[in-house]
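Each of the next two complexes has subunit A plus one more chain, namely subunit B in the first and subunit C in the second.
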Partner chain A sequence: MDDALLSIENLTVTYDTLAGPVTAVDDLSLAIGPGRAVGLVGESGSGKSTVAGAVLDLLAPGAAIDGGRIRFEGTDLASHDRATRRALLGRRIGSVFQDPFTSLNPAIQVGDQIAEPMMVHLGVGASEARAMTLERLDEMGFARPAEIAGAYPHQLSGGMKQRALIAAALACEPKLIILDEPTTALDVTIEAQIIDLLERLRTEKGLSYLFISHNLGVVRRVCEEVYVLYAGRLMERADTDALFDRPSHPYTRGLLASLPRLQPPHRVKRLSTIPGELPDLLAPPPGCIFEARCPFSAEGCDRPQTIRVAGVRQMTRCHRHAEIAGEAWPSRARLGHDFSRKGFGDALVNVVGLKKRFRMGGLFAGIKLKPGLPPRIVNAPPVVKAVAGIDLVIRPGEVVGLVGESGSGKSTLGRLLLRLEDPTEGAVEYDGLAIERLPQRALRPFRKEAQIVFQNADSSLNPRKTVGETLRRPLALFGIVPARERAKRVGDLLEMVRLPRAYATRYPHQLSGGEKQRVAIARALATEPKFIVCDEPVSALDVSVQAAVVNLLADLRDELGLSYLFISHDLAVVAQLSDRIAVMYRGTFAETGTADQVLSPPFHPYTLVLLASAPRVDGSAMPDRSALLRDAAPGAGAPDGDGCPFFARCPSRIEGTCDELPPPRRTPAKGHAIACHLKLDALPTRFVPAAPAMGAAPGAVASAGPE
Partner chain B sequence: MIAYAAQRLVFVVFILVAMSLLVFAAIYALPGNTAAIMLGQFATPDSLAAMEAKMGLNDNFFVQYWRWASAFATGDLGQSMVMERPVAPILWDAMAKSTILAAASLFFVAVIGIVLGVVAAVRRGRPIDGAIAIFTYLGISVPEFFWGIVLILVFASWFDLLPTMGYASLSDGIGPFLAHLVLPVVTLTLTLIAHVSRMTRSSMLEVLQSNYVRAARARGLPERRVLRHHALRNGLLPSITVLAQDFGWLIGSIVVIETVFAYPGVGRLLIFAIQRQDIPVVLAVILVITAVYALANLAADLMYAYLNPRIRYGRSVG
Partner chain C sequence: MAEASVDLEAAPIAPRRRARRRPLPSSLVAGGLVFAAIILVAIFAPLIAPYPFDEMHIRDRFHAPSLTYLAGTDEYGRDVFSRMIYGARLSLFMGVLATLVSLVIGVPLGLLSGYMRGAVDEAVMRILDIMMAFPPIMLVLLIITLTEPSLWKTSVAVGFLFVPAIARLMRSVCLDLAGEEYVLAARARGEGASYILLREILPNAWPPIIVEGSLRVTFAILLAAVLSFLGFGIQPPAADWGLMIAQARGYIERAPWIVLAPGLAMCVTVVAVNLFGDGLREYLDPRMSARRG
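Here is the complex of A and B:
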């Protein structure tokens, strides 16, 4: 493709590691035409960010380009000297990275950071650069650009920061923008806003995108063609619709099949998974790199695979793509009996009127001089209401999903249920025992029965202890089994979480992310608990691994009759596992009910926004989100403390009511509660998930890939 | 910002009061009081008792403390028992000389330390980085009196280039004035530079690997500009705090160095007063040193706050 804006030809990048060279990108070719949006998809370790580093000449130390060419506007980038190449960045190639929270310089005003490349590349003066900066910020949809330009980064929310960074990337009107996971760190409602913005900008300015992401839903939304990377190799390349509707490579099909879906019914089947994990790149297998994990592997897969044509503008690195086209990705039913169908007993955990306030700042925080004569000192410590009055029942064997954006108070609620925090007000009862004021000593029996699994197993496992030592600790602490039987019990626990018994001698750094999380689950199971708080247990995991861990949690619930409070920002994951769902906003429940009730109309206006914002891979048209959400910072609430917490962002708000009075509890059905001033028949019902989903035969939807 | 400064100032006053109480109590608890020291070892019990009564030494501890502290606060630092002169002029004179020493040392520590730290960070892993590490560690790991003696040996005994002791005032001419400062300042700088340069290096390394520096590079800014505009501004913030902490260290070192070079500053005055049990001078010197230290930390905090917009501008917009 000679008319391509960017063309990558046979690119190979290797990293020098202590153990030897690792090929992070192997013989990748990719082309982006003018005005095209091209997706580069893969899980962690796929080499997708290394590609961005190679194009920008910002590879990590130790990485080197070992072969191939990168041409931009027809010129080989390697033919430029370093300074000339650097000068292309910003001027002709813009870039936006994953983490907006750390990508702006904290010491420089936002406007100056946008104006700086203009002054360097275009040679314009300070005042002209300032005028252009305000213009850019205006294009990003900021209502008051001057205020944003004068602000320091810490004064902006995450979404605002990312919009400012996009403005900086577009400062000199480059033609190509490299977007490396631009929405991954953001809440789902903000992600939706950023995607809308990116789409508008591309149309208006004729930009080309190299869009790097692990999130297939976002890629489907933004991109026109997609490259799928696995272990540094290109697995498949296709136009977006073809890729999602007729994926040809087994890896692509596995990825799509592993995704949890929002549509009910849930829990009937387990998620499909991709078994195994990334091959060791120090000694990659000679044949197909995906063979070890591929359910369709057969004779011939142990030979090196070449890229072949699989359809119109579709290429795949699989010699069996035509033979296996009709075979479904294997899925499996639940093991054992359906626990939820027996009906649940009395409350295991019973929470009434629970509140938690945090005081902010240090000794003198909130002490302010009140002007006047003489000036007076007033003490008004700023207070954050993390949990603002929660009633909740969790019954034996029941999974309650807790969903909400960052800062909604969901982790604090989880910690309060375990008495890892002391409540400010309210009661927490566990198995009939009031635990909210018990001294730590008296909590010991409770500590044995109630456990927690954290999001980040990297930091929750002690790096200096073997898996066996980590698991023996709770066994000894609570006297679960006599000392001589502990080694055997450790092995049993590992088997319970589907890990080999031999893992007892391994250290955490010898485990993959999914394996670490399994060990964390095994540690929680060691005390034979009845109740586990799972605080974002799969959020840090890749899609294929996430599915396996979600299945494991579901299996364990069925085998052991556990109750979970399952906390996640991802409604689809919550829907997959939960019997009931609670939607949390600013410390209160906006909506509670069974999973089906919450995911079907009528909705709380906030639930509707969450559902509408979740990017979907089925290609269904996105609802118009602009009508669903007012432009206010997430977490912004009513002017004073009494009104509806969602007031500031709610499009259906009733002025004078919603901002003054706490919302009443509406109950459309038994067990379904919506906290909203809107009358039942006025609650939004418009959003209907994808055309084939809701009405289709139950059971056909939840598990299968996109056949 | 002003409220913040006021808060911190209240803290400083609190620290000074606490410190003065502590020092006063320590001396109060020591065997042998002022009266015994003044009258010498041949004093009769009667004259001792009369002296104690005259000086109010039989009063309650707090009464004695209050008497001393209120006089101190109004500028009456007492009378030196050994030199038989008011403490204040002696102290201010010594202070002025020590200030010259401290300011010059701190200046060189800051400039050379920061430059070495930045160079080491930018040239990480290269020979120059290693050379700077060896040089700075040598400075910090060998005690200051050793360097002092080595320098005296080399520049005074062997080459006879510089004076080894004492102080020359500016009225004696700029040449002698500077010559007397060179060796003490070099010694102090050597011992303190490692702290600043290591801290600068590690904070600069962190900043150079940060996402915002990567983002600045990705906007095509030349590397020099990335370093000056984006990295230094954040990378030097911790160095300021370290410099303030070093100031405390500097005061400790000054006591040693002034003794080695017979430099008539506040450190030497303190040693002298302690040896002679000149209690009013000991009290005054310790309290003034505490005040200087607390104010140096206050200055560092205010400077940090001024440079760090997160403290300067708290509220959010939009």
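Here is the complex of A and C:
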């Protein structure tokens, strides 16, 4: 493809690690035509960011391009000396990285950070650069570009920072932009705005994108063609619709199958998974790199695989792609015996009027001198209302999903329920016992019954303790089993979370992310609890691993009759597991109800935005989100008084009412509550989820439309 | 759709990630070897030194370095080489003792401060601020002049001086670790503060503390030398590097070796311990072993 803007030919990148060389990218060829949006998809360890590093000359120390060529506009980048190459890259290729929170220098005004590359690469003067900066910011959809240019990064929200960074990437009018997980650190509503912006910019400016992401839904929205990477090898390449509708490589099919769909939960059905984990790249298998995890593996898979044509502009690295096209990706129903439930019993956890305020700053932060005669000293420390009046009931065996964006107070609520934080106001009852004021010592029986699983698999296990030590401690602390039986119980616990008993002697760094999360679950189970707060337990995991952990939690709930408070920012994951869902916004519940009720109309305006913003892989058209959300940062300009916390962003707000009075509780059906001033018949109902579109996805059942 | 077996989701036994033995950083090896050699010299000083440290050779005053007197002699005709070797004892003793004192006081203070937060934290930190506000030499001089100078008191005084730095380091490490999820998990099962501090936080806080401690040893040696130089530390005729330099400063033009030898010894020790500390930091930093790729 000679007309390609960027073409990567047989690229091989090797990392020189202490344990030996690791091939992070193996023989990858990729071409981006002018004006094309090309996606590069893979899970962690797939080498996708290494590709970006190789193109941008930003490889980590120890990494080297071992073979292949990278040509930009027909010229081999390696033919330039380093300085020329850097200048060329800076001028002609823009880049946007994952974390907008660290990508801007906090000590320099945003405008100067955008103007700087113009002055370096285009040689324009300061005033001209400033004018161009304002122009760029204007293109990003900022209402007042001059204000943004004069602001320091801490004054901007995450979404605004990312838009400013895109403006900086466009500073020198490049033709190609490399976007490395540009929306991963953002909330879903902000992510949707950034995606819209990227789409608009591409059409207006004829840009090409190399869009690197693990998020298949986002890739489907943004890209026209997709390359799927696994363990540094290209597995499949296809036009977007073909890839999502007719995936040919087993890995692609597995990825799509393991995605949770926005649909009410199924007590029996489980997510599909890709068993196993990445191969050891120090000693990669000689044959197909995916064989060990492939449900379709057969004779011949132990030989090296070549790229084959699988369809129109579709290539795949699987010799069986045609044979297996008709076979469904294996899925399964519930394991183990049936913990059947005839409705839930009385409340296990009962929360009434719960509030938590955090004071900001140090001990003396609130002390100010009030002018007057004589001046008075007042102490009014700034406070944050993390939880602002929550009522919640969780019954035995029930899973309550808690959805909200960052800063909504969902983690604080989870910690309040476990008395890891002391509430400012309100009551928390566990099994009839009021725990909100009990001294820690008296909480001991409660501590045994209520446990927690955290998000970050890396930080949730003590790196200095073996898995066995970690699991033995709760057993000893609560005297669950006599000392001589503890080793056996540790093994039992490991088996309960589907890990081999031998893992007891391993240290956390010898485990993969999914394995660590299983150990964290086993630790919570060790005290034989009845209630577990799951605080974003799968958010840090890859899609294929996430599905397995969600299934495990579902199995354990059924086997042991557990109740969960399942916290997540991902509505699809929550929907997968929850009997009831609570949508949280700035410390209050916007909507609560059964999973069916929350996922189908009528909606709270905020629930509707969440549903509409979630990127979907089924190719259904996205609803027009611009009508669903006012352009305000999350939480910006919320009323100080009793008004609705969603007021600033709500498109259907009633001025004079919503900003002054607390929203009343509307109950469209028994058990369904929506906190909104809109009358029941005025609540939005217009969201119609798309029909299932994919062959490979078992039963993507859309939630009921309004009809 | 076939119902797959249980094994579909059970993680297959992944090969145990090889406990990849990381090569020791060269600075750790080099610094460690030299430091160990100095410690051995200090311990076996009477066996190594050619002469007792206080034996005077009146006829050989200001003798230049030779085969008889490897580093020459001083104004009393004492063998500078022997005094240098004996000096290692005092210097190392003071360095190590002072560091131990600062660790024993500073580590618990920092742990409490970082874990309890709030009023305890404020109280401890403000007291340490006051300590840090005093010029260090003045503070030590105050302690020493109020009583008779002695090796022990000097070391303890120097150790006290280091408490704020150690406590602040420990506090910041503890603040970080207290937010780790395994600490929250321990609180969620009702562990007491002592278990959390000693069993969950402290084991993970050691690396920076060990490193800081090793660097403190060199500060203490230098500070002890300064005190001796000023006449408040070790008293003559004891052999201490700082004292040796102090006493020989009048003869620096006539017999430079009297100053050079202890100066060189101090230099080598400080560089070795610093190298050792640096290497240790590198070796203990888990990020250095992070898997790449």
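One rule holds in what follows: the second predicted complex is superposed on the first by the 663 of 707 C-alpha atoms of A that agree within 3 Å, B and C clash if a C-alpha of one lies under 4 Å from a C-alpha of the other, contacts with A are read in each partner's own complex, and residues count from 1 in each chain.
One rule holds in what follows: a residue touches a chain if its C-beta (ideal position, glycine included) is under 8 Å from a C-beta of that chain, and two chains touch if they have at least 3 such contacts.
For clarity, every value in this text was computed on a predicted model and none was experimentally measured.
Enquirer: With the two complexes superposed on chain A, say which partner A:483 touches: subunit B (first), subunit C (second), both, or neither.
Expert: After superposition on chain A, A:483 lies in contact with neither partner.
Enquirer: Thinking of the overlay built on chain A, is A:680 touched by subunit B (first), by subunit C (second), by both, or by neither?
Expert: neither
Enquirer: Tell me which partner A:155 touches in the superposition: subunit B (first), subunit C (second), both or neither.
Expert: first
Enquirer: Between subunit B (first) and subunit C (second), which, if any, makes contact with A:142: first, second, both or neither?
Expert: Only subunit B is touched by A:142; subunit C is not.
Enquirer: In the three-chain superposition, say which chain, subunit B or subunit C, touches more residues of subunit A.
Expert: C
Enquirer: Quick one: classify A:171 as touching subunit B (first), subunit C (second), both or neither.
Expert: Only subunit B is touched by A:171; subunit C is not.
Enquirer: Once the complexes are superposed, what residues of subunit A are shared between the subunit B interface and the subunit C interface?
Expert: Shared contact residues on subunit A: none.
Enquirer: Going by the contact rule set out above, which residues of subunit B touch subunit A in the complex?
Expert: 3, 6-7, 210-223, 225, 229-230, 233-234, 307-310, 313, 315-318
Enquirer: So in the complex, the part of subunit A that touches subunit C is made up of which residues?
Expert: Touching subunit C: residues 15, 17-19, 22, 24, 45, 47, 50, 60, 62-63, 273, 275-277, 280-281, 292, 295, 328, 330-333, 335, 362-363, 415, 418, 420, 440, 443-444, 447-448, 450-452, 454-456, 459-464, 470, 474, 477-478, 498-500, 502, 506, 509-510, 512, 514-515, 518, 520, 523-524, 527, 548, 551-552, 698 of subunit A.
Enquirer: Would you pull the subunit A residues touching subunit B in the complex into a rising list?
Expert: Residues of subunit A touching subunit B: 56, 58, 83, 86-91, 94-95, 97, 99, 102-108, 113, 116-117, 120-121, 142-144, 147-148, 151-152, 154-157, 160, 165, 168-169, 171, 364, 367-369, 633.
Enquirer: Using the touch definition from the top, list the residues of subunit C that touch subunit A in their complex.
Expert: Subunit C residues touching subunit A: 1-4, 6-20, 22-23, 118-119, 122, 180-182, 184-185, 187-191, 200, 203-204, 286, 289, 291-293.
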